[in-house]
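We just call them A, B, C and D in the order they show up, numbering each chain from 1.
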Amino acid sequence: MRTRKALIDDIVIANRILASEGVCDAFGHVSVRNPDNPDTYFLSRARSPELIVAEDIMEFLLDGTPVGDDTRKPYLERYIHGGIYEKRPDVHAVIHSHSRSVIPFTITDVPLRPVVHSCATIGKSVPVWDAQDSFGDTNLLISTMEMGRDFAGVLADGRSALMRGHGSTVIGKSLREAVYTAVYLEVNALLQLQAHTLGPVKFLTDGEIERILSRLAHERPGEGYDRSWEYWSQRAGITTSSTAVDL
Amino acid sequence: MRTRKALIDDIVIANRILASEGVCDAFGHVSVRNPDNPDTYFLSRARSPELIVAEDIMEFLLDGTPVGDDTRKPYLERYIHGGIYEKRPDVHAVIHSHSRSVIPFTITDVPLRPVVHSCATIGKSVPVWDAQDSFGDTNLLISTMEMGRDFAGVLADGRSALMRGHGSTVIGKSLREAVYTAVYLEVNALLQLQAHTLGPVKFLTDGEIERILSRLAHERPGEGYDRSWEYWSQRAGITTSSTAVDL
Amino acid sequence: MRTRKALIDDIVIANRILASEGVCDAFGHVSVRNPDNPDTYFLSRARSPELIVAEDIMEFLLDGTPVGDDTRKPYLERYIHGGIYEKRPDVHAVIHSHSRSVIPFTITDVPLRPVVHSCATIGKSVPVWDAQDSFGDTNLLISTMEMGRDFAGVLADGRSALMRGHGSTVIGKSLREAVYTAVYLEVNALLQLQAHTLGPVKFLTDGEIERILSRLAHERPGEGYDRSWEYWSQRAGITTSSTAVDL
Amino acid sequence: MRTRKALIDDIVIANRILASEGVCDAFGHVSVRNPDNPDTYFLSRARSPELIVAEDIMEFLLDGTPVGDDTRKPYLERYIHGGIYEKRPDVHAVIHSHSRSVIPFTITDVPLRPVVHSCATIGKSVPVWDAQDSFGDTNLLISTMEMGRDFAGVLADGRSALMRGHGSTVIGKSLREAVYTAVYLEVNALLQLQAHTLGPVKFLTDGEIERILSRLAHERPGEGYDRSWEYWSQRAGITTSSTAVDL
C-alpha cells in the first residue's frame, strides 16, 4: 500500500503535468479521495497548478470543510469534487479545468463525443451542465455543496461532463486515469472542432468504446495511463522515482 | 503605500508577462496612472515589451508631453493612454496590443462578447473604433490627442475596445486587472472564433456578467488577478518578491 | 555498410525527432527492416518515443515474434510493421503515429491529397483503412497479424494510409524518407484543413507528383530528407556525429 | 559604410530570426544584394536556415553562377533571387519561404490582402504565380533562370508574391524590411484565414496602405523594422552588438 506521502507527491505531479500539457493555466484543480478514509479527499490550497508543492495539499470532508484546524484558503469550487465523491463511490480522482478546445462545445449545441480510440475514456456521451437550469443567473462558479450535487447529478454515471461558459470536469478510478482523460478530452475536442469544418463526423461506435474501456480496465489495466504518465512527467521536468512505470 | 520604484517594477513585470503570454510581440504598450498625481502616467520609451527594464519607464502628462527634460523617444501611440486617463478618472492602467485572435473581430461584423466566466472582465459589450469614421484614410495609428480622445469616446464607460485593422485596448482599476483582461480578451476571442465554426454561440447573460464583476470588485477583490499574476510571472521567468501574492 | 549500432542509433534519433516535431506523443512507433536479414525488423520495446534509448530496441520476426529470448514488453501494434514488410519488399522503414491534423481526414469523407510540393512523398492518394470493414466493432488497435495484413492490403502500393478514428502510417525506402513523410503528412493535413475553410482546393497534379518523386529518387537522391534530418536532429537536441549530412 | 563582414553577420541573423519565428523550417532562404556590386548577391550554401553560420554565405552572379571557385552546393532555387534582382534595381533583399498560413491562399481562389496596419508592407495586392501557366507539369521548384524571370514578371512592381502549391517570396529595400515583411505576411495570412470563418472581411483601403508605407519610407524610416529586428534577435538567442538599434 502506498504511503500518504507518495499519494501527495502524485497529486503534485498531476498538477504539474496538467499545467505543462496546457490543460490548466492559472486555474483548475486536482483531487484524490483518501484511500484510508473514503469520506475525505486531498486537494491543494487555492493556487495555480504549476506552482503547487507537497506542502500545499489540504484534506477536506466531502462537504468541503477542511480537516483539522487548517485555515489556509481553499479553492472556492471544491464542491465539484465533494459532490462527485459523495455520489460516486467508484470515483477516486477528479480534475476540473478550463481546457481550451473543450469550451466551444459548452457554448454551442454540438455534442462532444469520442472520435478516436485514445479518447474513449471520456465516455460514450459527455453531458453539459448549465448553471442557468437550476440556479438562474450566477457567477457560474460551483460555490456551494448544493451546486456541486446538482452538477454530479448531470455527470450521473459518466466519465466527464462540461459546464456551459466555464469548463469541464473528468473523473478516474485512479489519478493516472483522470489525468489521461483530462488531456485526451482536450485532444478529442480539438480534433472534433477541426473535423466539423470538413463535414459530417464519424464518431466511435458504442461497441468500439466498450471494447476500448474493457481493455484498459481488465486486459491491460492502466497500460496507456502509465506510459502517458511517464512521458508527461518528463515533459514537465519531473524526474523523481515516483514517475517510473513498469514497462 | 507603494513606492514609485515598486510601481515601476510592476510595469516591467506586466510588459514581460504580456510578451510571454503572446499578447504583445514587438509592439504593444502598458501604462499606469501616477498614484501621486492623477495628471501624469508612466509608460516605457518606445521599445518591445519583452526587452523593457525599469530605466526605460518615462512619465507623461495626459496630453502626451514627457515630464521633465526626458528626450528619449516615446511610443507614437501614447495618446491612447492619455485620451482614456483624461476621460475616465476611474481608470488606473491601460494596455494596448495587437493580440492575434482579437483582430478578426475588428475586420468583420461579428461582435466580440464574453463566452466564459473568466473573460467577463472585458465587459458586456466590446465596441469597435474605426479610424475611417472620423478621420478617413489614415495610417491607422492613434498619433494625436484628437484621435486618442475620439477613441476614448468609443470606449465610453466600457472595459475594452477594438480598433479596426489594428488591435485592441483594455483598461483596469489596477495594473493586475488590466493584465488579466488583456490576456483573457485574447482567450475569449480564440474560443469565440472556434465556437462560431460549430454553430450559434451562447454568450454569458448580462446578469451573469454583473455577478462575476461584482465578485471580483467586492466579495473577493483581486483574487483571480493575483493568482494569475503570480502564475504568469513565473512563466515569464520573473521571481522577484514583488510577484508574491497573498494566498 | 553501416553497422548495426549506427542503425539503432538512427532509430533512436528518429523517435526523438518525431516526438520533438509533434508527430508522436506518448504513442507512435518507428521500425527499420534489418538490412542484413529482410525477415526481421528493429523496433523499440513499448515506450514513449521521446524516452527511447538504444538499449530499448528489440528485433522481431515479420509475424511479430521477438527474436531470441527477449521477454520485454513489445508494442501491441507491431503487426502494422510486420504486415507491411511482408507485403512490400521495397519498404525499409515504417512509422505509425496519431499525428493530430491528420485525424480529421480519418473521420470525415474528405480525401487527404498532396497540396504542396514538399508533401508529395505521401503519394498520389492516401487510402483510409476502417477496422469496421473487415472486423466490425474492435478496440481499433491492429493487434493481430491478420489485421496487419488487412491494413497492408489497403495501403497496397501506396506511401501512406490513414486509420479511421485512430491515426496514420507511412513507409519509406529509408528511415530518413519515412521520417520526412511522417512530418510532412501532418503538414499537408494542416494546410489542407485550413484551405478547405476558404473554398475549393487545388491539389498537385499527378504529373507534378511524379516529377517531384522522380527528383527525390533519382536526380537528387535523399537531398530534402538529409537536410531535414540534420535540422530536426538539432531541434531535438541531438548533436552526435550521426546527424551530420553531406551538404 | 558597413563592412562586408557586418552584412554577412546580418544575413546569418536574418536566417536565425526566420527559423525562430516559424517562417522557415528546413527550407527557405535569404539573400542580400552586394552593396558594392549590384550584379552579385549573397546567399548561403544549401542548408537549413537555423544552422547557417557566416562561413556558409556564398556570392552569386545574378544568373546563379557562384562567384570565384566556390564549389559548395548552392540552393537549387537561387534563381528566385537572381530573377528579382535582375528585374528590380530597387530591391536589396529577397526571402523565399514555405511559411505555413500563407499556403492556403496559394491553393484556393481567395486573394491575400492586408487586413491590419502592421502587414501593409506586403503590398496592395499579392499575386499568385503558378508554374503550370508557363511550364505545365513541373516539380514546382524554380530551378532555372527562365523560371526565375517568369516569377519576377508576376511579382512585377509588387512587394510579395505567392507560388501555387509551394510558398511565397517577399522583397525589401533592406534586409530588415524583408525580414519584417516575411514575418508579417504569415501574420496577415493567419488573421485573414480566421476572419474568413466569421464572414466578409474588411481589408485596408488603398489610401491607408499608401499612408502606412509612406510613413515607413519617409517619416519614420525603418522604425518598425528596427524595433522588430531587436526583439526577434533576442528571441532567437542572438545578442551580438549588431542587433542593437537606435531607440
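Convention: contacts are C-beta pairs under 8 Å (C-beta built on N, C-alpha and C of every residue); 3 or more make two chains touch, one makes a residue touch a chain.
In this text the structure is predicted, and so the values were computed from the model without any measurement.
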Self-check item: Centroid comparison with subunit A (C-alpha atoms), farthest chain
Solution: D
Self-check item: Separation of subunit A from subunit B, taking each centre as the mean of its C-alpha atoms, in whole Å
Solution: 33
Quiz item: What is the distance in Å between the mean C-alpha positions of subunit A and subunit D?
Solution: 46
Quiz item: What positions in subunit B touch 2 or more of the other chains?
Solution: 197
Practice problem: Chain pairs that touch, all of them, please. | Solution: A-B, A-C, B-D, C-D
Quiz item: Which part of subunit C faces subunit A closely enough to touch in the complex?
Solution: 25-27, 45-48, 50-51, 72-73, 76, 98, 100-101, 103-105, 107-110, 132, 136-141, 164-167, 193, 196-197
Quiz item: Taking the complex as given, what residues does subunit C use to touch subunit D?
Solution: 115-118, 187, 190-191, 194-195, 197-205, 207-208, 210-212, 214-215, 220, 224, 227-228, 230-232, 234-235, 247
